[in-house]
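In the part that follows, the structures are each spelled out as structure tokens.
Both complexes below contain chain A, partnered by chain B and then by chain C.
And then the complex of A and B:
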């Protein structure tokens, strides 16, 4: 009898107990202790530390870009899964399934627009995030490895965006990927010139690997689909987890450690500074190597992550959502005529973030498609190992001198790339003057390699003048940023049919 | 930042503002899709029309049961999904004949034979059937390869399943007129259809399914549709395609429209048997079992565009040379039927005259024979006086430069008179023919009589020797309709 009563009582209490077991804390945390518990008792929140430095919450320092990137990845995953419900990855059906998504699937058009706009936002933000991390010196010890993971994420983001480009199977997609595949094929320029393509055909292999054929067709569509919805998102998610974990392990966001710490007090209460004593045994948290927020330091200027960091998460997520929704309302994702290999688009353009590369490819396929991107990625990867000077970490441009160098380099970078482009458009290049010049000469000396040379020379000059590798790195990075922006603009706006120069797309001749 | 200020203040504001904005955007998107959708408005309007028109209780109940929803016609056999009926709700309802578009009913006569469920809409009208707004469905501004055909041109798609000439009077009058014009204006002189026709212009077999991107539109103003391109191109070919060989044909606006309809009707579609009308099958059968060819009609279709009546040599502005008078009595007296057939069969390589044999222009032997008979008419071939013996090519060269090169061009080519340094000419023309032409000239053409101007037998012989040195005669594996002993009969070369 008592058992029955207990059973009924338990049944009655189940909603309450369910809630208690789910929310454990029961009520919004009030004390710092409860806030800490709210953080480390939660699987999702325990990735962040319990307390976060005020500097990490400063918008002017981080610009919220990492959070915006994470948020756009979340938005892309959700909208992507919704799109998968109706999308059919076959050359026969893909185009019409996009038309159906646009016209008849409830909210389909809007969801596709959001997917497209948050993808652009993500690519845009990933470049800005890298610049932020670079200019605040956040790649320095102990964060070198996280900088490398970040680079991998940059490449993955571009790859995700690029593979998604083909899926609508319209003219835009088909010809952009055709261009992309030909860039993969570009090592042939060198192997052909050396006459070794018969034995060593790197370009052909890459293209074959990418397309599964020698042309963009059914095989390529399936490959891109698998990459886009399975492989790359999984990799991206894994690397993101790694990236966040390392942020935590490397002591949160970087900050200027030379600055006087704010008083070790929070909301008026003074805080006890923890010091290790050699004769005692400590828990794991106390002996973690390196500068974790708590070891050997007072909680100087830190505040509980709950709720301060949560507000920032929410703000970044909703900011990303609002921007994507607004843009989606204003402008539809493009869908041109169905892919038709018989009617080449002129100009056929890659996605916008590759148009700088396409501009370089128009000079030399190998240098633009393989050579210079490799140099740039290698250069970026080497930055934390060449610049080991810890000074200036956590400050924008590492101080006023760096800011001056950045400004000068921006001007120099802009001026040199623009004058080189004007020169090329007006006067042509080696091939126009010496029609019989060997291809290897063009591969070695073309506007792309020349601008890389000019930027390297500038950075060498800066290191010679100042003796600071940090300033040289700022000079080089800034120059490359300017080159990237100008070349991308050149490819996007100023190049028309046959890759001719035009002041504006409205001047393009109808072909 | 003050150490005690709320560190999350900016985040909170950003969260509030972006959340409010997101809700506004979501609401706007929801309204745009669910309330403001074009097709919903149309269907609501249609429902009120239905209600107003319902005379009895049954009709009224039916009208009230009309639900606002996307409607579509799916025809898997034709790969058609047409949502046009989401707005054109009354398309099969006879009561809607007095309404304006999009509610108006379709011509019932046509729908009787072409039920919407079997054919869809875009099979005949083109346009983007998947779309749900009129502008997108029309597709001229959207990225769509086959925009909605204007009503005046819709006949173009009849020919996909029908032989338009077999349709009851007037149902495809414009298309039939276009077909006639194509023959009358001699379009086939340059354009092939199903392998038959000249080769100066592009073949037109599938031209109706070409998209606007396949035409040069740099100089096309106004509507960028293919039909506007064809219409403008027929009016002024050089204006659209600089340097084209296509002449201005001289058509009225109505004729241009008819011809445009015919051009648009040229489309190769792989249709299921069930969709081919009997008349279309008969048309195909007739092509396989043609009636006896008529020389005059063939001449009009394939030859007249360049040779005109063929009675006089004609100056061609486009080709910058004279086009030979091939029905000229003076010419026909000198040239026998075999020689005429040879010229038609092989054409004149290097000139604009294409070959018309089965492998080139696609004419059958019987057809070529019919043309030869038409050319010949009443004029008999007269046996030629024997040619003088070939003399010295060196002297001939000098004579040629003085007398002939002015028209026939230095070295017998690139002149505005027929090219003599031409393999087919060298093969088809006998010495006697050449000698006779030099001696007596050719009436009704610019070729004068050099005999009367003082050239003697020996000089003609020298010229012969030189002309024969200009090109090797073409060597054919098989020579059409030629008696093996012909050279001996004409009896010139052996001497």
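And then the complex of A and C:
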């Protein structure tokens, strides 16, 4: 009898016990101690520290860009899996399956729009995030390596975008694959000119690897599909984990260590001095300053991560979803005519973020598609190792002098790239003046390499005048940003049929 | 941990263990990289029969879309110029006023396929034309001939 009663009692208590076994704390955290436990007793939350610096939560400092990027990656993963339910990766079926998703599948158009808009948001935010980290000097010691991981994530984001718009197998997709594969092939522009392609054919190897065939067809589509849905997202997820982990291990978001920390909030009270209790290990609870646990110092302007950081996560996710939803309601993801290998579109334009590159490629395939991007990535990767001056970390532009240099460099960068483009459009380039000129000359000297040279010279001049590698880095980075913006605008707005200059798309000749 | 003497049996064994580990990983990586590089490159055989030579009158200048070339016939004979841009592989347009223009990045070529403007690194290749056994005009789009080579049917 007693056994039966116990059984019934246990059955009655099961919901309560289930809840207690699921939530380790069992109730919403009340004290700071419980808030710490809520964080480090939870698998999903224990990646972050239990206390977060007030500065890290300042919107005006981080602009929430890292969180927006994470949120858009989550949105893209979910909508991507949903799209995979209907998408068929075959040259025969891909286009119509996208049409089905757009016109027949319930909520298909909406999900596809969200996927497309959050992808655009991710690309946009990744550029802004890099600029934020750069201008606040957040790449400096001990965060140099995390800057490199961030660069890998930038490349992965762009690769995901590129492989993504190839999949519908419309005109944009087909000609983008063709152009992309031939950019991979473009080292031949140099090896052919040197006559060494027979022994060293980097370009041909890369093209084979991407296309898997001598033409753009089924083999290529499957390869890009595998890249887009498996390899690149896995790599992206792995690098994101590494990136977050390093953010925490390198001491949280960068901040100005010369300023006095604001008071920490402990037990709801602001405290400047933290009384240590001899029986507790504060280092593990991450409530002390610095990279290594140090007991006996103030808790340095921190507040509990629960709930303060969770509010920030929620806000970033809400913002990302709201922007993607809003844009999805306003504008549909494009789908051009079905792929036609006989006739490219005129002009055949990539999405906005690649149009700067397309403008560079229109000077020289190898330099614009391989050479200059490599130079830019190498330059970005070297920044934290060339600028070792710890001053100015955590301040926008590292102070008023940096702000002045940034403004001057922005003006210089704009003026030089615009005048170079005006020159090129008005007067042409080497081949228009010397039709017999060897290709290697054009590969080496074209508007793309000239603008890179001008920007490098400007930055060298700044370092010579000021003696500060930090200011030189600000000068170079700002110039390249201006170059990127102007070239992107040039490709987006001012290039028409046959890649000729037009003031506005309405002036394009009508066929 | 003991310090092993140089050349001792233990140091040799640990050296052998580490190198066999590296060799195993290296071989596995080589296999991983080897797989995606195709041994056979699928693709259409780009040899086309264009029909009776006599259906192309002297003065013919026609763009062939499947064959991706432009076929010419003049007094000296036939020649065909590829319409695949040597820059990044777009299909170039045959212009009415003579010459070729690429819609993608603005490369321009003369009537004989030489680069006259834009980013194309080389001129358009001239393709091999021959007569098939049954007397049809045959285009081999995979074989290049020197510029100026004309075929007399």
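Here, the second predicted complex is superposed on the first by the 474 of 511 C-alpha atoms of A that agree within 3 Å, B and C clash if a C-alpha of one lies under 4 Å from a C-alpha of the other, contacts with A are read in each partner's own complex, and residues count from 1 in each chain.
Note that in this section contacts are C-beta pairs under 8 Å (C-beta built on N, C-alpha and C of every residue); 3 or more make two chains touch, one makes a residue touch a chain.
Everything quoted here is computed from the prediction, not taken from an experiment.
S.K.: Report for A:498: first if it touches chain B alone, second if chain C alone, otherwise both or neither.
M.R.: The answer is second: A:498 touches chain C but not chain B.
S.K.: Looking at the overlay, does A:6 come into contact with chain B only (first), chain C only (second), both, or neither?
M.R.: neither
S.K.: After lining up the shared chain so the two structures overlap, which partner does A:178 touch, if you call chain B first and chain C second: first, second, both or neither?
M.R.: Touch partner of A:178: chain C, not chain B.
S.K.: Just to be sure I read the superposition right, which of the two partners does A:362 touch: chain B = first, chain C = second, or both, or neither?
M.R.: second
S.K.: Once the structures are superposed on A, label A:343 by its partner contacts, choosing first (chain B), second (chain C), both or neither.
M.R.: both
S.K.: Tell me which partner A:439 touches in the superposition: chain B (first), chain C (second), both or neither.
M.R.: Touch status of A:439: second partner only.
S.K.: Touching A:428 in the superposition: chain B (first), chain C (second), both, neither?
M.R.: In the superposed model, A:428 contacts chain C only, not chain B.
S.K.: Which partner does A:214 reach: the first (chain B), the second (chain C), both, or neither?
M.R.: After superposition on chain A, A:214 lies in contact with chain C alone.
S.K.: Which chain A residues come up in both lists, the one for chain B and the one for chain C?
M.R.: Comparing the two interfaces on chain A, one with chain B and one with chain C, the shared residues are 343.
S.K.: Tell me, which parts of chain A touch chain B in their complex?
M.R.: Against chain B, chain A makes touches at 54, 57-59, 96, 99-100, 103-104, 106-107, 109-110, 170-171, 262-263, 265, 267-268, 301, 303, 307-308, 311-312, 314-315, 318-319, 321-323, 325-326, 328-329, 335-338, 340, 343, 509-511.
S.K.: If you look only at chain C, which of its residues touch chain A in the complex?
M.R.: 36-38, 41-44, 65-66, 68, 87-91, 93, 101-106, 115-119, 121-122
S.K.: Show which residues of chain B lie in contact with chain A when the two form their complex.
M.R.: Against chain A, chain B makes touches at 1, 3-4, 7-8, 10-12, 14-15, 17-19, 21-22, 25-26, 28-29, 32-33, 70, 81, 83, 130-132, 136, 143-145, 211, 213-214, 216-218, 220, 224.
S.K.: For chain A, which residues are in contact with chain C within the complex?
M.R.: Where chain A meets chain C, its residues are 175, 178-179, 181-183, 186, 189, 192-193, 205, 208-209, 212-215, 217, 219, 223, 341-348, 358, 361-365, 368, 428, 431-432, 435, 439, 442-443, 446, 497-500.
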